[in-house]
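Every chain is named by a letter (A, B, C and D) in the order it is written, and numbering of its residues begins at 1.
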Amino acid sequence: MSSTSGEIFKITTFGESHGPGVGVVVEGIPGGLVLDVERIQQELTRRRPGQNYLTTPRKEEDRLEILSGLYEGRTLGTPLTIFVTNTNQRSTDYADLETIYRPSHADYTYEIKYGYRTPHGGGRASVRETIGRVAAGAIAAQILEAELGVQAIAYVASIGPVLLPEDILPESRMQVDESLVRCPDASTSAEMIKHIEKIKKEGDSTGGTIKVIVRGVPPGLGDPVFSKLEADLARACLSIPACKGFESGSGFAGTLLRGSEHNDPFVPREEGKPPLLSTTSNRSGGIQGGISNGMPITLRLAFKPTATIHQEQMSVNTRGEAVRFLAGGRHDPCVLPRAVPIVEAAVHLTLIDAFFRQRAVHPDWYRRFRKTDGR
Amino acid sequence: MSSTSGEIFKITTFGESHGPGVGVVVEGIPGGLVLDVERIQQELTRRRPGQNYLTTPRKEEDRLEILSGLYEGRTLGTPLTIFVTNTNQRSTDYADLETIYRPSHADYTYEIKYGYRTPHGGGRASVRETIGRVAAGAIAAQILEAELGVQAIAYVASIGPVLLPEDILPESRMQVDESLVRCPDASTSAEMIKHIEKIKKEGDSTGGTIKVIVRGVPPGLGDPVFSKLEADLARACLSIPACKGFESGSGFAGTLLRGSEHNDPFVPREEGKPPLLSTTSNRSGGIQGGISNGMPITLRLAFKPTATIHQEQMSVNTRGEAVRFLAGGRHDPCVLPRAVPIVEAAVHLTLIDAFFRQRAVHPDWYRRFRKTDGR
Amino acid sequence: MSSTSGEIFKITTFGESHGPGVGVVVEGIPGGLVLDVERIQQELTRRRPGQNYLTTPRKEEDRLEILSGLYEGRTLGTPLTIFVTNTNQRSTDYADLETIYRPSHADYTYEIKYGYRTPHGGGRASVRETIGRVAAGAIAAQILEAELGVQAIAYVASIGPVLLPEDILPESRMQVDESLVRCPDASTSAEMIKHIEKIKKEGDSTGGTIKVIVRGVPPGLGDPVFSKLEADLARACLSIPACKGFESGSGFAGTLLRGSEHNDPFVPREEGKPPLLSTTSNRSGGIQGGISNGMPITLRLAFKPTATIHQEQMSVNTRGEAVRFLAGGRHDPCVLPRAVPIVEAAVHLTLIDAFFRQRAVHPDWYRRFRKTDGR
Amino acid sequence: MSSTSGEIFKITTFGESHGPGVGVVVEGIPGGLVLDVERIQQELTRRRPGQNYLTTPRKEEDRLEILSGLYEGRTLGTPLTIFVTNTNQRSTDYADLETIYRPSHADYTYEIKYGYRTPHGGGRASVRETIGRVAAGAIAAQILEAELGVQAIAYVASIGPVLLPEDILPESRMQVDESLVRCPDASTSAEMIKHIEKIKKEGDSTGGTIKVIVRGVPPGLGDPVFSKLEADLARACLSIPACKGFESGSGFAGTLLRGSEHNDPFVPREEGKPPLLSTTSNRSGGIQGGISNGMPITLRLAFKPTATIHQEQMSVNTRGEAVRFLAGGRHDPCVLPRAVPIVEAAVHLTLIDAFFRQRAVHPDWYRRFRKTDGR
């Protein structure tokens, strides 16, 4: 169903942007794990609004509270619940919206679906819902890194027409975070910032693309057919608000190549039964037949421009009458930089579930690919 | 898990391309339904190899057998099982492959994952697996059409560099099927055919894109967060072999627009509580906040060129040694036309489950949007 | 997984008895429902410890807070989260337990399973976990009553050797609650109370049985095979702490009868296609072939005596040494009366999910059996 | 949903008793496993009708066919499908039943639920459906035995009023199978056989109880709350046709004991962190807090007398008229002996899923409790 995801490492998010708060229940965390809570908080802070002058002026501390599953810093193996109180609810800003279906928002579809909705904007459609995923993803990331050495790094690859050159790849999350717009190149970042400033001044908004590179993924994750790694990653990414496109490996550009150009030649990497292989190119994006092949997983995501703008628009009110309106309230001209930790969380959550499913059935595989014997 | 999909209308596919056959178990079909079995067979026939001289010479009748769930032409409400016997297993063709990991195939990843594999190519990674989905999708399509008037039409929008002009939209599945390459435009089709013939002669392969338009979708389908309609559609589509990219609505191109250009203005359509609305543009692709808004759903998918080519390639064998090889056996230079019914099935299967989930909880919604009172 | 139950009306409980609190996330609630929050609180109050001198002296208010899913008294259709803060954590009482595995408690099994545990007794094994289910069950009960007229009434049918005569059936929950031990017969109740007082004085504990009668269930709920109504009810009931036995209809006693004695003869009840039937006896307990037949559903459950007693016992400590110990802390000599609302919640949660699954696929069934057209 | 069970080791059964056949799709089998197909066939043969003069004269070979998932005797890790053709469909016997709802059968409930049914008796309600589970259970049993040394033995503990003395426990499945009624005691078996002969002569039927002892279960299987081992075992057992009661450990009899009598004292068994313990009694039935404690798991199940009898009965026909009728056709006076392998399958299927879930999250646990390092 809607708010639950994962089969073994399973999360359930809850909360509206204008209720008491938002949170997540995480099942399937191993017991006895020393949890780095500060690292979870860091990811929430990377995601929170009001980080700098470019984003929405909505300022929220987004301090997490742990309601269950932890005792003296170690996980109990039971559901771990994280809750973040909403501290900045300016519902008066939204008074007018009660009667207007804002264009390209979820106001109308929620009302048709449920027959009822909270008038204050998004409810569950708000990007605030992603807090739960980011928190859960930060737990998944700790386990994946310790057990397998997996690390996903997302970064902004374009904002509107401003593109990061294809050949620039970030080496670390720190490198990404050095940029205000989370683009791992100083000069492209500067251009992107300039673009956002302009858009903001005009009361408009912009979209862009985010790329992801996941290093350290062992071969063998993902299942044939409906749980192909690409399929599950696509589902996780397209469940992020404003995401409208997904590519794995060569993606749409790959459709222009011939098979002889697109195939990734194998070369030997490590002896064994079976031997480990590398490929000399990576148009498969680290996934073949829906299963990881040990090369870096590469993804690219499209985010549409934010629907909230400070310009007069046409729409319809709840009585069915055409109206003109000008949205007040806070407004984020570009969500891309804040979406980076959300995308990483989506990727980590997908990978840990694939990992646990594989380990459940194939312990020999785990013996071969776990990073250390120490756990 | 891997081979099961859906929550209420649930399918489980099974079978390898070189075993006795392939099939599907479908749960969640209403009892007492007069099933149009011939229509299921038609979809299998649209999907089967060897339809014309352009595709693989592997000729299979792909005649379906119903093993359970039907009695005197009506569904029993119990699991309906469809089985298709494999009649054309030329496993000798694959003798060499036993020891070679073919580039960009699933040979290597399957062996790493399971520690064992059938040497004859694909196993579950074969496009033959999709027979089960196509059969199940044809059942879903019958229900969706009768209950809601929903119809998904997929069509080939590009093959390699040959593109269908953006403004051409098919009106019917028949119009699509008139073209050998399932492209709803005669002159583009002719170019595509020429391109495939050339590629085939060179022993190479080509990819392309498929577009989908789904008409008649009522507003209110899809769930917030993890079961957003885009998320579930993306998962279904990216689980199709060779699919590497997914777009909903404006997709990647939409990232270049501003919010003021991208937002879809609402206009009144029908009175009621709440009123029904239309939008004057459809960059949302019929989905807002993960929920259908009543406008046509529009998707675009990327398919990479087939990995099997008739040219010498470098690879590695199971002993870990670098080798040169030239694949024998059958070879399909372009799977796009055959992927059209598979994509439609994926879409119908996603929509029927969203429909049943919505009807389960919101019967008033169903009373408003069902097509006829006659059922 | 462990803490999630249900397919459409889905609940996830969380929280340890000695952490910040316990709660539940409920998915699948229809939007726009006027929720009777006071009734949810009433059920929590029926369940809470310290209701009278017979139960544990642990006094908790168990006041619920709603963290999500409700706006101005109406449900939003989104996950509804209920949280109850733990106010009475006397963890010092448990100091000794840190090193002792208490007999017939979950201390040992939790430690083996997770490699780590909270030393303060139960964690998730505590009956405190059931708060979430009781809250969710109270929501399910409201919907079931309004939509179908279903009502489950549970009652204490024996405490140790003191048995309620077979022919006494409660007419209402109020009648049950008039008794301090929730037994719908004054004289049996008096005996039960006397028995508990005696057991308590001796520092011992007692088990007993709970019966359930569910009236108003329409025929057609429950699915063949793995989701037979009995199977799902059994799972829900045996997931209640201390429950060790389950019977549906004639249960174990029915094994002594012959088919000719056991079969329930049908008689006509109401015309229609198909006609509605009654049975003149009800040894099937309202369920045939795993599907409700319209007669009252009858269940009987066994609850073992509470493991915590105030008598010296032998056990083993965490160093593997045999030890003698006398448990301090609070102690509930008989949990049966408090288990009554928990059992009702388990039954309501099972039935609402079966109801929603049936409505999802068979709207005509719903049209026939819904109580009013008013919804 | 109805016909699918398990989270990682997942089975989907299909087929009606009067259609082409019945079968099962099994997901979650490790790849590369040498499957003992003959052992699967043996379990089907233990289950099949017509084994001896006491059971139904319906004679079916019940030869299995493997449709997918196996290659040269080894599992592929992909869904393994087993199919058994129905060879003995005497549908003419059932001609009259088309219009009569047989008492205590599923005819009426199926018709109400689905609005349609096959007139030939059971459909999915037939015990023939259990073929799929028995086949899947035989695969699970092989893995459980090899990996952990687990073995479940079920046996008939009573038929009508004829009871096996409590202290007799079978040591092996062979010992159980030596008895025509699968009761591990020669003199009780003789009495049971006499009882069945008498019942059969009178055209009547009888119920009884089956007990299960599971040896070799390591501590730590089962999850708190909704997947308590008892809860999942109860669900699996009560999904077997005719099962109306379930007990774990002391069950209903345990409700008469006091805590001081019921608690199982721990004693040291093996050093370690944590140490392994035994209990000197086993009223917990090997399960504490829903998790196995390493002692044998003990269950007891109630089976009602078969509904089909050769005596005149009152019922109602599909036009809603009261009728008298005498059922023709085949008739099994006592299903208990044939239910023994079905119960074992239910137990093995539950345990393997709990095992895989535990291994998925806690590899250290697996390292400690796996039987051999050889796998």
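As a convention for this text, a residue touches a chain if its C-beta (ideal position, glycine included) is under 8 Å from a C-beta of that chain, and two chains touch if they have at least 3 such contacts.
Everything numeric here is computed off the predicted structure, so don't read it as measured data.
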| remark: Farthest chain from chain C by C-alpha centroid distance is chain B
| query | Out of A-D and A-C, which chain pair has the most contact pairs? | reply | A-C
| request: Averaging only over C-alpha atoms, locate the centres of chain A and chain B and give their separation in whole Å. | output: 26
| Whole-Å gap between the CA centroids of chain A and chain D | 44
| field | Interchain centroid distance [CA atoms averaged], chain A/chain C, Å | value | 39
| field | Contacts with 2+ other chains: residues of chain B | value | 1-4, 7-8, 13, 28, 30-31, 77-78, 110, 113-115, 123-124, 224, 357, 362, 364
| remark: In the complex, chain C touches chain D at residues 1-5, 7, 13, 101, 103-106, 108-115, 122-125, 129, 158, 160-161, 199, 204-209, 219-220, 223-228, 230-232, 234-239, 241, 243-252, 254-268, 271-272, 274-277, 279, 283-285, 288-294, 302-309, 311, 313-316, 318-322, 357-358, 362, 364-365
| note | Per the touch rule above, chain B residues touching chain C in the complex are 7-8, 28-31, 77-78, 224, 356-357, 359-364, 366, 370, 375
| remark: chain D contacts chain B in the complex at 1-4, 7-8, 10, 12-16, 19-23, 25, 27-28, 30-32, 65-71, 74-81, 83, 110, 113-118, 123-124
